[in-house]
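Look for chain A in each of the two complexes below; its partner is chain B in the first and chain C in the second.
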Partner chain A sequence: MSVPNILTAASAGTKARARKPVTRRQKRDWVFAAGFLAPFMILLLVFQYVPLVVMAKNSVLDYSLLNPAVAKFVGLRNFTDMIEYEDAAVSFGVTFLFALGVVVTVIPIAFLLALFLNSKLPARGLVRTMIMLPVVTSAVVVATMWSFLLDPSNGLINGVLNLIGVGNQPFLTSTGQALPALIVMTLWQQVGFGAILFLAGLQGLPPELTEAARIDGATKRQVLWNVTIPLLSRTTLFVVVIMTVFSLQAFAPAFLMTQGGPQEATNLIVYHIYNTAFIMQQAGYASALSVVLLLVVLAISTLQMALLRSRWNY
Partner chain B sequence: MKTHPLQRALFVALVIALILCCFLAPYAWIVSSSFKNQLTLFNDVTPLSWKAFFPVEGTLENYRTLFERTNVLRALLNTAIVAGGQVALTLLLCAMAAYSLTRIRFPGAKIVFVMILLTFLLPIEALMVPLYQVVSGLGLSNTLLGIMIPWIASPFGLFLLKQAFEELPVELEDAARIDGAGHVRIFFSIVLPNVKVPMLTLGLITFLFSWNSFLWPLVIVQDPAHQVIQVAIAQQGSPTQLPNWGETFAGATVATLPLILLFLLLQKYFTQGMTTSGIKG
Partner chain C sequence: MADVSLKHVGKTYENASANTIEDLSLDIRSGEFVVLVGPSGCGKSTTLRMIAGLEELSDGQIWIGDRRVDELEPRERDIAMVFQNYALYPHMTVAQNMSFGLRLAGMEKVEIRRRVEAAAEVLDIGVLLDRRPRQLSGGQRQRVAMGRAMVRDPAVFLFDEPLSNLDAKLRGQMRAEIRRLHKRLKATTIYVTHDQVEAMTLADRVVVLHRGKIEQQGTPQELYERPATRFVAGFIGSPTMNFLPAEVVMSDDGVALKLDEAILPAPAAKAEGLAKRLGQPVEIGVRPEHFVVDAAPALTVTVDMAELLGPTTLVHFTFAGVACSAMLPPEHASGEGEQQKLRIAFDRISIFDPATGRAL
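Right, the complex of A and B next:
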């Protein structure tokens, strides 16, 4: 995305005009521009900026959504509570573990799929369509589907395991298996998205580079490790950030498949916020949790932008 | 070491078969099971037989009860209205804003653009609680408008269209301008007809996002009459507490089919939109 270019172009425009006196036609244009921008900007302000302010304000209050008028100012107590009680640490810990699990499995498998799809292949279109189907399927349907696939007694996955001589597994009802099961499900859903991003990256590489390396006598494996993979660092970083941000915001799996359990083993942070605000009616504390989540996501996105701008510019 | 072409062909065939199994089998199981009664469904899985993936001895019973006893039909209609409205309004508002930012030089353009840019990074889920208060404060809880309105001013949509508008040569509009055409006419009769592909891409991504959204409708609508399809099928129940799996599978099939068909028809634009955005609904 050429965001910086657009910014400089816009500022250059304003400077060039500042020297000339403003004509009537220009004024008319300005009024028109304001009118054409207004609907978009008003909605942006009301539904993005106002909630930000409301969230910051609410994070220092103690109140419920059922009766928001009765609110008590508690200073930073919501934030100190987060440190004092274990729920926030556990929930953020589970969420980070989940995100880590998704990223480290999606990246290599998506990359291999992209390499595979980039080679001469029969039925390439069919394979690409198949891996994209879960991406366009809703989180609710995927979660529903997988809670039945993973059912301890009659699920399809246990049916397959039985065929190869493995006994029934509890999956979602086991503290040790629930989070890995959700990671595998998310891998299944997201890997196609990672693969088409890598595929776009691979197809954007100048073929001369790999050809030159081949002529110089490099083996296919050497070309892959020393030319292709380094050239794709930007794409890889992009996929890492998208998958991380996506995983940090996962909600449907915890809500539909495990209710955060067993023993909070899958208590993903957005589900925890939902429960705290809408079920337990502690909206102030939920706002404080939201502030922390927002800061974490912003930090990751900002880090990505900084990295993309400074290094790995081939 | 040189691999034999036959070996390679075998390897490729195996990988393709494995991919198809992993990604197709769950869909095949869900869809074919939606045409079965509980007993047949279970018998086909333990021990696993090929029948698990085909609707042998099928029945439409699950679909009949689904449409008769639940509000799925109403939810589908609500979802279509929300998704349709959201697509139309997003396209219109983003295109208008993109036109102002690319075709008119005005003071403050940079500030406006930075403001939009900043919201690009906001994680929607983190804003759920305050957004609930804002939207219900406006009296829009339990309405279809309340489900769609927060997402209409889409920064992603603006960027996508802004890029498309910038690539469009300004010379196209010069003749019309000399003829005395105003901005409104240039916008509708010259700019918009020339950005059909980016508009289609944005429309599809918006539709996908809207159709699949779950947390926000769950939060803002409690009234069953205004429920959307994802919330409706989410409330059908889990494997352990459910008398009939086939009915849930029928619901999942009904909720997914429209989107899958749309995707199969217009896959190229979907993929294009997703690779440029990195956004996933």
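Right, the complex of A and C next:
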């Protein structure tokens, strides 16, 4: 009988500690903290988390946006349909290719630009403005502008190609050229952002490390290869993930420049989700596609966190 | 090992109005341990970085051995440098850090391993070779940085305030270790510090820099006993020298110095020079240990504060309107508010011209 008594006494003690009165200062701090957090938290809830829950719920329904009230529970059929029909696989495939193309071109070019911006060479200010301008320009404006540039008959790029004797290219209407054209446009738009991230990384490196390497006998190229690039691995990983996530979510180029064509060659997944929901009126299936996309992006972010915390934590 | 020679070296930064380094000439003998010392901004680190090739010269030349090196890249100068924050490559193990320069030079793996292991044994870091820098303590990082310099067997070692990030105890240990290493390797070493204790304990020769110029150079003892300027006298020595205003007067016993109300005979060695300055003010420098407790005192002062330091007591008092300190045997030191009878060991004092700050 003594054991329960001891337990009761112990739990009473814990409760007594837990009931320690909240001071006026603590209350005031709580009110202030809640006040500062509220605007952001409300927006986050209304525009991020609530739609996410709704999306997850809708992914197991079959309904049309014209009459959402008539929704039928279909379990995981939307997900099994994704495997059964090719559209999702094709669209995800196109999107991964697009993301791969963007990442493998943006990373080295952004890095080289950052090296240039970090040097003492002339015209750095001009180059910085030039590469940042596309970043701050609306994706719609950029896509429209590139549509004009790539126009098969009147486009500036084809004009130049004609002048040098290459001849007109069907950039946005050729199955072989449409996706590379979108990748080039995205590269042009995003390389500045990547360069600024790399520049921040470069400027965060202690100068003594490169100085030590120079004294150790390294040439500029050896310093770059043996010290700068390895030490920028966290930045590089960050840029890779940002660019991958951005590319996986790209919509404007497909919507404005190619409408996913020709023959689905540029049918990026977000554009495909949009078409499925709003044109084909299969909102449940579109929600299921969105859930899968979310999981893919989450998986990449998780991988990033794991790598940042372990391997490259110097 | 090689001589190092700085010939009329100057360094001006674009944004600075005055020269950072002005017409600095310095010859360092092969195998010598030279310490550049001075307060922040005196140009000591800039001088070292110019020798290393990390800063360009605005004027002058630098020679290492029989080669002019000021136009050469750091890698072509045959030097090794230990940085203040160690500058270890965080993505490499200790062994990789130490062997980086050798690998770049294309040395054979067997020889690299031999050198790294030999240096690791000397520095007692053999068990750390597979660790990353972030897994090491400050003292261990310091040893690795020294090891990285040692394995290259360079003509000149450069140290840029290498002990300033360590705690006092470790600093003392590492000081002794650096001195021991230098005796063993006999390499030409240029060492920068703002800590005069490091300068005094390590150097064969101390070079005191002030506002980009050499204020005085000599052995630690020369600098301590015969400072050329008031700046050097104040910078070298801890606790610092006391500076007292005085006037040169003629007494019955010959040339004397009037200190507050007291008239004290001038040191014999300096009497002749002082005779030319009769009636003029001078400043006398007295090291704290050159105040002596005496039964027939020349001065009687009131103690403001007494600090027991163990073997000695540092007695603070005000004399001639100046805050002074005297280092006395604890058994003879008076307590706070009490009278202390003192004599100045006049044969040990320094005398300065108050206008120029130069020693007379």
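The rule is short, and it goes like this: the second predicted complex is superposed on the first by the 274 of 314 C-alpha atoms of A that agree within 3 Å, B and C clash if a C-alpha of one lies under 4 Å from a C-alpha of the other, contacts with A are read in each partner's own complex, and residues count from 1 in each chain.
We take it that a contact is a pair of C-beta atoms (placed from the backbone, for glycine too) under 8 Å apart; a residue touches a chain by one contact, two chains touch by 3 or more.
These figures come from a predicted structure and were not determined experimentally.
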- Item | Superposed partners chain B and chain C on chain A - clash or fit | fit
- Message: Quick check on the superposed pair: does A:Ile273 touch chain B, chain C, both, or neither? Answer first, second, both or neither.
- Response: first
- Message: With both complexes superposed on chain A, which partner does A:Leu97 reach: first (chain B), second (chain C), both or neither?
- Response: neither
- Task: Please indicate which partner A:Gln222 is in contact with in the superposed arrangement: first for chain B, second for chain C, both, or neither.
- Result: second
- Query: After superposition on the shared chain, which partner residues are touched by A:Leu37: those of chain B (first), chain C (second), both, or neither?
  - Reply: first
- Quick one: chain B or chain C, who's touching more of chain A? B
- Query: Between chain B (first) and chain C (second), which, if any, makes contact with A:Glu211: first, second, both or neither?
  - Reply: second
- Item | Closest approach of chain C to chain B (Cα atoms, Å) | 11
- Task: Please name which positions on chain A make contact with chain B in the complex.
- Result: 1-3, 6-7, 10-11, 13-14, 17, 29-30, 32-34, 36-37, 39-41, 43-44, 46-52, 54-55, 58, 65, 68, 113, 116, 121-123, 126-127, 129-141, 144-149, 151, 153-156, 158-160, 162-163, 188, 190, 192-193, 196-197, 200, 238, 242, 245-246, 248-249, 251-252, 255-257, 270, 273-274, 277-278, 283, 286-287, 290, 293-294, 297-298, 301-302
- Which positions of chain B touch chain A when the two form their complex? 12, 15-16, 19-20, 22-27, 29-30, 41-42, 45-48, 52, 93-94, 96-97, 99-101, 104-107, 109-110, 112-117, 119, 121-135, 149-153, 155, 158-159, 162-163, 166, 183, 187, 208, 211-212, 214-215, 219, 230-231, 233-234, 236, 238-240, 245, 248-249, 252, 255-256, 259-260, 263-264, 267, 270-271, 274-276, 278, 280
- Query: Which residues, counting only chain C, touch chain A once they are in their complex?
  - Reply: 52-54, 73-75, 79-81, 83-85, 87-91, 100-101, 104-105, 132-134, 148, 152
- Message: Applying the document's contact rule, which stretches of chain A touch chain C when the two form their complex?
- Response: 206, 208-209, 211-219, 222, 226-227, 230-231, 233, 314
